[in-house]
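Shared between the two complexes below is subunit A, which has subunit B as its partner in the first and subunit C in the second.
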Partner chain A sequence: MMTDTDITSPVMDGMGPHGTKVGLLRVLGPAHVWALGVGIVLVGEYMGWNFAVGKGGAYAALIACWFAGILYTCVAMIDSEVTSTVAAAGGQYTQAKHIVGPLMAFNVGLYLVFAYTMLEAANAITAGYLFSVVATMTGHTGDLDQRPFIILVIMFLAWLNYRGVLATLTFNLVITAIAFVAILVLFLSTSGILGGGLMEHAALFEGHELPYGWIGVLAAMHFGLWYYLGIEGTTQAAEEVRSPARALPFGTLAGIMTLLIAATLTWYICSGVLPWEYLGDGVNGSVAPLFDTARLSGSNGLVWLLGFGTLFATLASANGCINDASRAWFAMGRDKYLPGWFGAVHPKYRTPYRSIVFLVPIALIFALGAPLDQVITFSILSGLLEYTFMPLNIIMFRKKWPLNSIKRGYEHPFHPLPALTLLTLCGITFFAVFLGYGTQLVAMIGFYIVVSLWFHFWRYRFVNRGTQFTMPWPKPQGY
Partner chain B sequence: MDLWNWLEYLAWALSALFGLYMIMDWLKTDSSYSEDVLTSSREGELEAMTEEHKG
Partner chain C sequence: MAHYEPPKQSKASQLIDVVVLVVLTVGALFVPLWMGMAGAAKTVAEAVASPTWEALGQTPAQAAKYEALGYTPESAHDLILARFDYSFSVGALVAMVVVILLYYFLILRFSDVEYREVIAEKFGQK
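The block that comes next holds the complex of A and B.
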């Protein structure tokens, strides 16, 4: 394999092996990985997490915040180890392909594309809503037609993604950083650290510690995911970072740390200012709790900062989702799990352009035609199925390729404790989702069973079986 | 017609523009390069180049 490699070849653009003439561009650093992961998630701090308060009160939301934090810390550690070793586009799909098998890989690939495309649609709907709020606030009379703004968000971000990954994720870095700093500024100015404080935790919590008891805490777990949902998306950048072994673990772990801080601060700020009944009703009550807190602070500067923070977080999330969904779709096309046509790379922009364009109408259909809560539920369910796959994946990875058999960019500590913790927490969360959205859960699993049968009995014959395993690893133990 | 009505039209127009750009460029790219070149990307390039593993 090494002999036909010519990294200096002008024709092959520095990429020799296996005959790649046009490949994805390796230009990203750890900061871009951070921006991709945190960018997808941070919108969950600006809105959505507060449904957990409605399910079980403010304390339940905090317990859910920290339990989900443990779940996602396990996700981040496991992902960092596997992806820094299987450094290719497709993330968990590619991991599954190398470690578990084709049917698992096909399913995981679809989870990814669904989770991200649905989340992208949900973000576009949210952005449309934000534009209508701004319109009303600036004196527009009558209802604003949100559709052109929803479509514009998807089109603009798809265009950005089409034109190149460096600009796309640098844009994400800037707007994500602003959205995160906005949370910090809000915390500093409302908690009493700078100037007078607004916090009334004791008074607001009195008599409402756990309004629905411990079952409320369990139900809150469903929305506790919101604080971190999407951090696993960092893995999709694996083929575009300059140094996967360093940038992926660094970006992912810095990302989960950022989110743990942002989530806890968000809970502290909002639950100390807004009464739980209002905070917990994300439809008729507080749609954007951080923004609502800023409005109650009486400072115009904070209102503007958190207003932009909300919009930027929404855009960053949609942007990261387009990036990730298209990489997963592209990787599946490249291996012929889907038509090979999708495995094309743009010779100038070096992006998976056909996958990006193909997913645009799908996102538009869901953004314009489906209700927000349903779209988000399907996104969460696909994500949850993906997290359930991860512990099985890492256990098999460590078993087939023990620590000393291949070089890893990062080795996560305390194995198999994180894997078992993750599996247990996934089980609890499935139960919590079942309580609220049982029908959707069953429908979703039914869908994946049907497509699995299709893949097994029809599509698998087209898969590039000889070339799909590209990592130069030794034979797995026991084979 | 206030500002927001104009912004609605602007959003429609910009959306169409971004969409058209992608479709035009896509068609142009597909017709100027062979399918072999476009779909030549293979996984695991960096590993194959830089890493040596025990066989």
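The block that comes next holds the complex of A and C.
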């Protein structure tokens, strides 16, 4: 018999069972979900993706863009199904808690917090760099100390998050829309559709089609993830949307479609104007490729538009990251997976304020103390571990609660094909990371093994057993 | 299954737990950096003594773009010629695969033990 699941019920996860009288505020619509997902990711089109060009050439970056697009389409489909049923703050963490088990949930919670906090740190570093570029463009001479700007960006956005989710994500909606429109305007202005075209793909690729051969295509998958990393963060808003069963699948799937268009346009624009060696070096060459393309267009209007687009994209991303990381940390605190002190909701603003404040110095440690590529790699690795969990999650979900056992807001088609495709692409990406950053990969997994043992043998004693299962589902099959 | 009543954690113990997590996190990123084992650097295999755009393998169209960006053959030399080294040992690859599989085996195994307790307490024994 199918259980009718009302995922906005006030007595379900996030509200009654955890003993908190004040829950998070349900004020968001599908557009905010879209803004949260796309807002976090769009910075990946403004910078970072071009490392994939350096790893294997322009064609390799396009192949990586599309294969990573398939990877994230699988992520969005799987995520939409599970989260339209498990609509609670913590997103994939809460999914893992109900479907796989507590230790997996603890690991997934940490993947989320680290992927987003590292991305936030990377964004703050980039914003600091942009402020120094703007200072130079407006007549400042000498080196500008970027650290005050990095601190200011993180503190301002944390304050915005502290004060309320609706203002935070409405701010994101506006600046994300501007950043997306800036890409469209650049495409229309440089591709020949409006005015003279600048594109010289054939001439720029001549003799450099695949500079590393096919292994370069594999290696490019590492930074191919950067085009889309963070779209899965839409699920973190689950307790704060008015109609999660509708808004979450709609916002997430519209988000991945937006990003597939933005990523392909970005590749087309930049690879048709900038030589691949320059485009592919995000440290000594093109730090902000769309901005660099605008500079070569000769139009001051485009330079300023893309300059603001880049800045807005970094702010929107950092803003969304603070939102998502704090929700995951809050959800773990509420379940006592972490000290219960973090599980508090602000009595007036209805935000997880202690988690927001606690993660500020963590982000600052990394933003001020670690190189950008290392911070990005730490974020990508956490994301990759999370994507590897997702196929296991959906296979177990369908096995323990088949389609006719509980009501789903969305059912993804062709199961288990998306799960198996996702698992295969994750395996390929692990190999790509190994080709350049094997030491970090092993160090990171070593870290997760140590904290897993710490959780299982120490921390888990403080967790209630049965009451952490808060969904009104029937008993899973096979138990 | 009998209802499990978790012990109450003192404030000092909560603080220690947070410190342990922060130290492990910072260590995971910074230890490889301190040991100088992080990152993949590009190197120039064979330097060109007196670089010209032709000697750097650039067509006139490609050279024009570099000039528009403010480069000369000298200043673009390292940027154009630096390459990654993708050679690797099979032993290192096998070690990485083993570490990843071990990790997932460990968490799935322990999770299952914990999950059975949760389900037993929530829904009662089978």
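Operating definition for what follows: the second predicted complex is superposed on the first by the 459 of 479 C-alpha atoms of A that agree within 3 Å, B and C clash if a C-alpha of one lies under 4 Å from a C-alpha of the other, contacts with A are read in each partner's own complex, and residues count from 1 in each chain.
Just so we're on the same page, contacts are C-beta pairs under 8 Å (C-beta built on N, C-alpha and C of every residue); 3 or more make two chains touch, one makes a residue touch a chain.
This structure is a prediction, so every number in the text was calculated from the model and none was measured.
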Report task. Figure out whether A:Met155 sits in contact with subunit B (first) or subunit C (second), or with both, or with neither. Result -> first
Query raised in the report: Touch check for A:Phe430: first (subunit B), second (subunit C), both, or neither?
Result: second
Report task. Would you sort A:Asp373 into first (subunit B), second (subunit C), both or neither based on which partner it touches? Result -> second
Query raised in the report: Of the partners subunit B and subunit C, which touch A:Ser405 in the superposed model: first, second, both, neither?
Result: first
Requested in this report: Check whether A:Trp341 is in contact with subunit B, with subunit C, with both or with neither, and answer first, second, both or neither.
Outcome: both
Report task. Classify the contacts of A:Thr94 with the two partner chains as first (subunit B alone), second (subunit C alone), both, or neither. Result -> first
**Report entry** More subunit A residues in contact [subunit B versus subunit C]
**Finding:** C
Query raised in the report: First (subunit B), second (subunit C), both or neither: which does A:Phe397 touch?
Result: neither
**Report entry** Common interface residues of subunit A - those touching subunit B in one complex and subunit C in the other
**Finding:** 340-341, 467-468
Report summary line: Residue positions on subunit C within touch of subunit A in the complex are 1, 3-4, 6-7, 9, 14-15, 17-18, 20-22, 24-33, 37-40, 42, 57-59, 61-62, 65-66, 68-69, 71, 76, 78-80, 82-84, 86, 88, 92-93, 95-96, 99-100, 102-104, 106-108, 110-123, 126
Report summary line: Within the complex, subunit C is touched by subunit A residues 54-55, 100-105, 107, 114, 200, 203-204, 206-208, 211-212, 215-216, 219, 273-275, 277-278, 281, 284-285, 292, 296, 336, 338-341, 362, 365-366, 369-371, 373-375, 378, 388, 392, 430-431, 434-452, 454, 456, 459-469, 475-476, 479
Query raised in the report: Where on subunit A is subunit B touching in the complex?
Result: 1-2, 5, 7, 15-24, 26, 87-90, 94, 135, 138-141, 144-145, 148-149, 151-152, 155-156, 158-159, 162, 239, 244, 331, 334-335, 340-341, 343-348, 353-354, 356-357, 360, 405-407, 467-468, 470-474
Report task. Enumerate the contact residues on subunit B facing subunit A in the complex. Result -> 2-4, 8-9, 11-12, 14-15, 18-19, 21-23, 25-26, 29, 33, 35-49, 51-55
